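What follows is chain A paired twice: with chain B in the first complex and chain C in the second.
And then the complex of A and B:
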């Protein structure tokens, strides 16, 4: 076994350890430790990605070298390594970009706990990406829930407390259903590792036994994880939680946490049940329908919102809809588009939230549309980053968002007539709505207000903020430029899933 | 149909677990009082542990602890569900602790446990 094969395990376990250390250190030391460790995990994940690309396959890492029915396993393939690299990179950049706000928003003696929660969150995201065991997935889903609720709550205000309560309650309902699904599945198959369950489910499906429980289980998984990833009808908690937290938290929650649950859902669908069972159970049609509704109603919600961060949060609802649309097309191309959308949104939305944090700095801490008028002139770098992000969200060519829209359209063209018509119409309407709310903001940002109390405020350039935004812009353009190889890697990764 | 009800009575542990899960779920979702919501959450999780434990139990067999050097697996119940229940309990204890801490903060700020009233007060504060 090569050294690099150990890296996924090291990133999971040592991120937990890093969290423990951060809990006893002083704020600034904790910050340095957390950032250094997260940067290191990015490099490690990247080397794992190179390794998997070179060996063109996947490997199973057995914990403590125990064999299948007794031991716990993680599985590392191209897709997992790619996700881990992007997620850890985005985590570092989101923290850097909002660092100033973290130290302002948290009570001074509790700043180190922010970094504890970030480390725990990163560890759970790594575990959700890599794990091969359903119960481990449940445990890390709960760690993820607690850490992300704490990230919202660490800014101590009435608004965030109420938002956290709603977020926590909805998340717990979701994980309750998810756990029930795992338990019933264990009851009828007697296995917890994904490959073994997949074999048993294949046998049950072929013999036609337990068909009702299988439907119920798939329903429980879908609803449970859809609540947690804020799919439309279950999205009501998201704008409050993401809109009121400190910019780094909003960026991390919108960009990464929602995606962690969706990755688990994709893994369960296509590694545990397989495309055949999912298609015959018709769940994908429901996900498709709700994805379409989310794309439209998320955008309508954003259109009505006068508060910049809440608007970005509603935009996340519609972007999550795109992912579910891809999953709901139940074809290989559809899932590829969903995975590309996960990556593209993970690098775009945090950039928007971080630049929104910058605008708040130059607008006296306000984030309403009228207050941020002209903020792009007062904070040119933030303005540039917001423009790039907004254009990417609309789906202008050369940016990341365009790649996903292209992939989704291709996937839609491959499917049946009715599905194709609905999907294409939804993509078109949603793109139009995206343009309708993002373009006015860009104009608003670069219009000099006639009389404003904030017009003299200039942003004194903070290096961490600048580094974060410049890297985000570069990533977004890079994503557009190297889209072919990225999509190729995603496709290869999904092939290794056995699709 | 009679067979269906017969099954419900034969597997009465599972039936009870599902009813308890429903009670816990609705309490967590609908109840206005934070403390009762937490109780509901614990109901929900305990129901799942009851379900798991009853799945792993085999009538007439012993707990999977070797006492007299008897390693014949047919004498013991399935140990994995018990292990899962233990892990699950740890998770639900930590989530309960987090929720209680959150409730303390809410009570300190708003002097009430009613979630509707808290939402109303927070909105009024915002103006």
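And then the complex of A and C:
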């Protein structure tokens, strides 16, 4: 076994230990340790990605002395390594971009705990990406839930406390449903490893045994993970939590945490149940429907919002809808589009939230539309980043968002007539609505206000903020430019998934 | 365009057939507010009510009563959803294989190997310890960190800086009298009982941890016992005397050392196992205290970590700090 094959396990286990150390260090030392370690995990994940691309396959890494049904194992393929690389990179950039706010928003005694939570969150995301075992997934979903709630709560205000409470209740409800699903599934199959369950479920499905429990299990998994990833009817917690947290938290929560659960859902659907069972249980049609509704109503919610960060949060609801639309098309192209959307949104939304943090700096800490008028002129780099992000969200060619919309449209064209019509209409309407709320903001950002108390404020350009935004812009353009090879890698990864 | 703005626009649309606000403000119902509580004006409002179209009256009623109606509907719906879920889950349970049946799907080669080979492969006579700390050790590592992250979150939420609290009390004297300002009053009966029970709790906790490889128990349950001992001593003897041997620094020290040792042992075990290397771990004598190889140190680390977490929860809720 080559050294590089050990990297996924090292990133998971030592991110936990990094978090433990951060809890006893002082704020700034913890920050340095956390940033250094997360950068290292990005490099390690990238080398794993190169290795899997070169060997063009996946490998099973045994977590201990015993093979899988007895011990634990993780599974590393192209898709997993790609996700891990992007996620850890985005985590580093989100932390860098909002670093100033972290130290302002958190109580000085508790700043180090912010980095503890980030390390633990990253560890759990790695584990969710790589896991091949449902119970391991549950354990790390728990870490993910608690750490992400703490990330909202660390900003010290009454608003965030209320938001955290709502988030915690909804998120725990989701975890509970997910756990019930695992328990019942274990009861009827006696397995926790994804491949073994898949075999048993295939047998049960063919024989028609336990058909009601199977339906209920799929329902529990879908609803549980949909609540946690804020699919449309369950999204009410999201605008509060993402809108009130410190910019880095908002970036991490909307860019990464939501996606971690969706990755688990994709794994459960296509590695545990398989396409045949999912289609015959009609669950994908529900997800398709809710995805479409999320795309429309998320955008409508954003249109009605006058607060920049809450508007971005509603935009996340609509973007999550795109992912579920891709999953709901239940074809290989649809899942490819969903995975591309996961990546595209993971690099775009954090950029928007970080630049929104910059606008708050030059607008006296306010984030309403009237206060940030002209903020793009006072903070040109943030303005540029926001423009790039907004254009990407609308789906202008050369940016990341365009690639997703292209893939989604292709996937929609391949499906049945009714589905195709609904999906295309939803994409068109949602694109229009996106443009309707993003374009006015861009104009608002670059209009010089006639009389404003903030017009004299200039952003003291901080290097971490600049590095973060420039890298995000480069990533977004790179995503658009190298979309072919990226989509190719995602497609290859999904083939290795056994789709 | 907040929600009330939206409703007023809607109202305006229904009354005038346009979204333009200026028309709306010119209309009699919008231009002057009528104090309906005033009996002299009540007739006026009733006249206006009958003049408005039905849709406008509905909108007016909805903007006034809508939240109340929604709340009562919400309550009814939530109860209905709960009962539906309960019904569905009960129906599912009736389809599941009987609890503990010998031909259940869960009775398979995985379970058979845990039972028959655990002494040989992990060196434990307690198969559960072998399963959670060795066979599925990675999951348990995650589980220990769930406790850690929960404790950290409680610290974020409840920890009050002592100097801050003092300052707060100077500004707002009402803060004095909160529960956290008072030491436990050291009840005589409680203290004497604690003198007897605290050492017992610690010794029994240690016993459960150390014998985790050969008898039921292990790090989690033994740690909970020791944590209960710490809580009891703090209740009976006061915070000051407990802080003398278990304060903030001690907590962080124990926690960091335990979790780091655990993660390092687990990483060594996983690395050696995954790469097919010989791991040089002596499994010990199954049934004795020194058995199970790495499971004994892991149990000790987990035990102390759990004890710390238990006490941390109590202390933060009780006095806002360790």
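We take it that the second predicted complex is superposed on the first by the 499 of 499 C-alpha atoms of A that agree within 3 Å, B and C clash if a C-alpha of one lies under 4 Å from a C-alpha of the other, contacts with A are read in each partner's own complex, and residues count from 1 in each chain.
The definition used in the following text is that contacts are C-beta pairs under 8 Å (C-beta built on N, C-alpha and C of every residue); 3 or more make two chains touch, one makes a residue touch a chain.
The structure presented is a predicted model; accordingly, all values stated were derived computationally and were not measured.
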{"item": "Partner chain in contact with A:173 - chain B first, chain C second, else both or neither", "value": "first"}
{"item": "Partner chain in contact with A:275 - chain B first, chain C second, else both or neither", "value": "neither"}
{"item": "Touched partner set for A:212, first chain B, second chain C, both or neither", "value": "second"}
{"item": "Touched partner set for A:66, first chain B, second chain C, both or neither", "value": "second"}
{"item": "Contacts of A:113 with chain B and chain C, given as first, second, both or neither", "value": "second"}
{"item": "Partner chain(s) touched by A:466 [first = chain B, second = chain C, both, neither]", "value": "neither"}
{"item": "More chain A residues in contact [chain B versus chain C]", "value": "C"}
{"item": "Partner chain in contact with A:165 - chain B first, chain C second, else both or neither", "value": "first"}
{"item": "Chain B and chain C contact sites that coincide on chain A, given as residue numbers", "value": "135, 139, 142, 146, 149-150, 153, 180, 184, 186-187"}
{"item": "Chain A residues touching chain B - in the complex, by the definition given at the top", "value": "135, 138-139, 142, 145-146, 149-150, 153, 156, 158-159, 161-162, 164-165, 168-169, 172-173, 176, 179-180, 183-184, 186-187, 192"}
{"item": "Chain C - residues contacting chain A, complex", "value": "1-3, 6, 88-89, 91-92, 95-97, 104-111, 113-114, 121, 134-139, 141-143, 145-146, 148-150, 152-153, 155-157, 159, 161, 252, 255-256, 259-260, 263-264, 266-267, 269-276, 279"}
{"item": "Complex contacts: residues of chain B adjacent to chain A", "value": "21, 24-25, 28-29, 34, 37, 41, 44-45, 48, 51-52, 55, 80-81, 84, 87-88, 91, 94-95, 98-99, 102, 105-106, 109-110, 115, 118-119, 121-122, 125-126"}
{"item": "Complex contacts: residues of chain A adjacent to chain C", "value": "1, 6, 9-10, 13-14, 16-17, 19-21, 23-24, 61-66, 69-72, 107, 109-110, 113, 116-117, 120, 123-124, 127, 133, 135-136, 139-140, 142-143, 146-147, 149-150, 153-154, 180, 184, 186-191, 200, 210, 212-213, 216, 303-304, 306"}
